[in-house]
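Provided herewith is a single structure, encoded as structure tokens, for subsequent inquiry.
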Amino acid sequence: MSSSLGHNFRLTTFGESHGTAIGGVIDGMPSGVVVDRVLIENEMRRRQDAALGTQRREADRIEILSGVNEETTLGTPLAFLIHNADVRSADYEPLRQLFRSGHADFTYWKRYGIRDYRGGGRASARETAVRVAAGAFAKMALAPLRLQFSTSYLVGGPVPDDDSRGGTVMCTITGLPAGIGDPIFDKLNARLAAAMMSIPSATGFEMGAGFEAASMTGSEYADRWEEGFRTASNHCGGVQGGISNGMPVHFRVAFHPVVSFHQPQHCIDADGRLHTVTIDGRHDHCQVPRAAVVVEAMAALVLADLVRLPV
Amino acid sequence: MSSSLGHNFRLTTFGESHGTAIGGVIDGMPSGVVVDRVLIENEMRRRQDAALGTQRREADRIEILSGVNEETTLGTPLAFLIHNADVRSADYEPLRQLFRSGHADFTYWKRYGIRDYRGGGRASARETAVRVAAGAFAKMALAPLRLQFSTSYLVGGPVPDDDSRGGTVMCTITGLPAGIGDPIFDKLNARLAAAMMSIPSATGFEMGAGFEAASMTGSEYADRWEEGFRTASNHCGGVQGGISNGMPVHFRVAFHPVVSFHQPQHCIDADGRLHTVTIDGRHDHCQVPRAAVVVEAMAALVLADLVRLPV
Amino acid sequence: MSSSLGHNFRLTTFGESHGTAIGGVIDGMPSGVVVDRVLIENEMRRRQDAALGTQRREADRIEILSGVNEETTLGTPLAFLIHNADVRSADYEPLRQLFRSGHADFTYWKRYGIRDYRGGGRASARETAVRVAAGAFAKMALAPLRLQFSTSYLVGGPVPDDDSRGGTVMCTITGLPAGIGDPIFDKLNARLAAAMMSIPSATGFEMGAGFEAASMTGSEYADRWEEGFRTASNHCGGVQGGISNGMPVHFRVAFHPVVSFHQPQHCIDADGRLHTVTIDGRHDHCQVPRAAVVVEAMAALVLADLVRLPV
Amino acid sequence: MSSSLGHNFRLTTFGESHGTAIGGVIDGMPSGVVVDRVLIENEMRRRQDAALGTQRREADRIEILSGVNEETTLGTPLAFLIHNADVRSADYEPLRQLFRSGHADFTYWKRYGIRDYRGGGRASARETAVRVAAGAFAKMALAPLRLQFSTSYLVGGPVPDDDSRGGTVMCTITGLPAGIGDPIFDKLNARLAAAMMSIPSATGFEMGAGFEAASMTGSEYADRWEEGFRTASNHCGGVQGGISNGMPVHFRVAFHPVVSFHQPQHCIDADGRLHTVTIDGRHDHCQVPRAAVVVEAMAALVLADLVRLPV
């Protein structure tokens, strides 16, 4: 089930970074939704423009294969493709037998006994383009709720020429009615945590006051009721017992710096011998601005699954 | 699906804190496992003894209803019960029409249009007893792997008499072979994050270097390969691309302070009017020591689901 | 996932025929439903009275453990137990090392490497008591739709004293609105087929005209529209393209005769040697009347999962 | 979940008959499998050649988009496309406002509030091309087991020029080891029943002796053990208690005649008024030969999901 997310609004993704195409299938897209091509393009462009210093400039045009007729959704699976236009697999030839430090090269090999060594294969950040496209469809499905997504980010420090930096992404969603989410294992905060930690390079997740809550007293932390079913503070981030309480939902996600950069990389081979290699591939110095766009898309996907959409 | 966790080793839980019983059903327990009653008792006792200042002292004896014959598992669903011996529902009578600040009272009511006002109902921390019992079965299932779970905690500050404190729990698992976990949406770190954030009062989750990774450079962060498929550092927490790399798995979970304590509590009623109530129920001043036991149980449940157990 | 049925209204069952108890957990029971104890008792009694010639007379009283307060459902998991009162495991001692002809003894052993030899264990028809109880809850959940279930049966021939007979069960459901069911793999007819074929001893399933449809011409078979969105015939059994069309849903299920009866039974042991044994256990001569009650319960469970119930 | 089948070997399909393309994504395809292009082509050709009297002759070439590098599977999702080359949507223009007798036109409209009127949309038999392609991949995954699939069919009577006929498909699988399948709700026979009844036009399913078993006595029906863990008869069709017993698995599926043919068709409009229309679309007189190929593919998909494949 590794490539599917959600139950009622279910996204299944596929594609290696240097294969023919990447894409997704959404099962559970409501019918009768007019496809907002401008929204899709804007979201894809936001992701693309957000890259600091990357040299790869694919178009990332979304081709819809099914689930839409006369620009209106049918309720049937909505499949879409993003072709991999600009593929320079030869750059990665030296990596055919090597596992880079800090990458998923070794773990994919242990998991599958084989791996697509070209540009990270399925583990590449290229995969997030599908998440952003699917997030645009999720936003269309959620449109009747008039949610507001607001996302910002903080880069963790100055970005040197030949190195990289991580950072944190803050996301706030206003307009979510109280009563969304399920108790116990499918709590809204648990579903958000899983979705965010599934983004490549995510290393931490905080809901509301997050780690700071650990050093508060109970009387400081407890969000006190005020008139009108509002709370004076919002330390819980808009979720209590796993269910939204009508206040803004807010959370923070940490991302480690990218580990592909223009320094010699320490690699290991299948026999456990060490090697040093410099790879010519194209890389961001900082993926945090891009990650912010992905965070928002993932939040939309989680909500589209938990909210009871019209069928 | 809110009360089920996992696919191959699936736990389904049930029970309100002041009902007849709470319990769980494990579908996917391997056959031929000798039930380790001492382990179960020890885990339940660890959870119980961990409570700081709670006055409720239920026995928490596990009654196995099915899936076991002659003290050996059959491979069929293993159902178990924990009876609610010491129930003083009358304490909660004033809450019948009120929603406390900081609790899930209001959100359950919005979600279901009804709620069990007695002691938090399903949202009570009592629910975690089932997680700990199920975690003991998960550990039995995982025994052939000889994993080592090591858990510690830090309370966030001094605990005043009439207030409460949160804290953080650190968990390390050694012995997990490389290759466990799935890419994309079912990453080991994502599954751990969801499991941990589903624990009552959890507010944050960090894998490996976590939020600190956000301010590292890429060359600092990247865990460099050494001989023997080990890495010099372990900033990634033993997981790369969602899959274990053979190094210790480690993560941290933040918990907010309990919001039930012996001060007057601010409540709201269904018409939006404010009230102040003092509840006599029995409460911990700090749930973090208990939460540590639950964290370990949840980690065992996640691994029992992801590792390919003998059928 | 073998012991769970459904997604939105999900039943998980547990229990061996000669263990402490059998039971089930329903996750997705709507909140605010008044528990109809009379309906539960009636359904359990229908199942019990339907047995022809069985000597086992357990009470089959349903004990509700959770999900209900003050006789009203809470929306949380509804767990219930049926205690195994009258257990004579010693009857089955000769079977400890033997696999009977026609039973699941051998296949459970191959599947799990172990089996509960006492009275069929999990493969016993006793398991259907849980289905009938759960079906009663499904009917409560479906009550706002005012469906009518009508079930009848045909025994396949005269029942000799020392032998057994199978038969067929016909089920009709009226009142189901058009538009229920999903295309492709979750068709209403596919879901019904799986549910019915999962009943012990089921050997065949027909929707509408069923096997007779194979020898019709297309112009005979096609159910012609009449005024008022009705069709002149109902060969499709009320389902087209996997979705209900508003006409009565009807189907038929075949059951083979029970294979436990008072003749010497041919068994094989783990070394492949043949044995003949006469078992003293208590057995029906014909399970078809009971099966009819189970068919109806399973139909209710399928519909409660597919219909969009109030949350 | 309507467009996904299976858990461990999961197929998700998409596509309308007159859209850009139809296709599927397989999550759970084992890694290291050499893609057998000849097998795929043969299966697609079998399905195509099997059509009696259809005039539509699309190429049905399978384009693999992901999950394969250097003709070997990667273990990542295997996505494939079949382009809809020969689309004459204009033929269906008269149906835009009409629901044909015997079709899913009306039910899709009730389910989704909209439908793709062009050639049946998602409900078209064209969808089965994806099943056959996916079945070929399932067979590759199952290759180490050396199963033998044998399928035959019987047309229900003579096929008149301007009418159509149904029939039955018999399928036998030899080589399946004992112990495959799960008890209770995921029985091998239940999974096969759901898979077969999900094929367009399927109306009945029988396992082993099927409906004939209803009129046998228990001593006739019970498959008697012989030396070597074989049974003298195979009335149960190779499955006991939902689990394979090592004997050949066999079952039968009934199909109703196609309801698109060259006679005037009775339709209803959204206001409930009747109309008669003659459609020029291209149609089989008998889909049973094609259905046989689909039955075999579905059986392979079910087994690939239930058998524990190498990861």
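Labels for the chains are A, B, C and D, by order of writing; each one numbers its residues from 1.
Basically, a contact is a pair of C-beta atoms (placed from the backbone, for glycine too) under 8 Å apart; a residue touches a chain by one contact, two chains touch by 3 or more.
Since the structure is predicted, the reported quantities are computational estimates derived from the model, not experimental observations.
**Student:** Between A-D and A-C, flag the pair that has more C-beta pairs in contact.
**Tutor:** A-D
**Student:** Quick one: chain A and chain C, Cα centre-to-centre, how many Å?
**Tutor:** The mean C-alpha positions of chain A and chain C differ by 43 Å.
**Student:** State, to the nearest whole Å, the distance from the C-alpha centre of chain A to the C-alpha centre of chain B.
**Tutor:** One centre to the other, that is 25 Å.
**Student:** From the C-alpha centre of chain A to that of chain D, how far is it in Å?
**Tutor:** Whole-Å distance between the two chain centres: 35.
**Student:** Pull out every residue in chain A that's touching 2 or more other chains.
**Tutor:** Residue numbers touching two or more other chains: 1-4, 7, 13, 76, 111, 122, 183, 311.
**Student:** Name the graph shape formed by the protein chains and their touching pairs; answer line, ring, star, complete or other.
**Tutor:** Contact map by chain: complete.
**Student:** Considering only the defined contacts, which chain B positions touch chain A in the complex?
**Tutor:** So the residues of chain B touching chain A come out as 1-5, 7, 13, 99, 101-104, 106-108, 110-111, 122-123, 127, 154, 156-157, 160, 163-168, 177-187, 189-198, 200, 202-211, 213-229, 231, 235-237, 239-246, 254-261, 263, 266-268, 272, 274.
**Student:** Applying the document's contact rule, which stretches of chain B touch chain C when the two form their complex?
**Tutor:** Residues of chain B touching chain C: 1-4, 7, 10, 12-16, 19-23, 25, 27, 31-32, 63-69, 72, 74-79, 81, 111-116, 118, 121-122, 311.
**Student:** Where on chain B is chain D touching in the complex?
**Tutor:** So the residues of chain B in touch with chain D come to 7, 76, 183, 308, 311.
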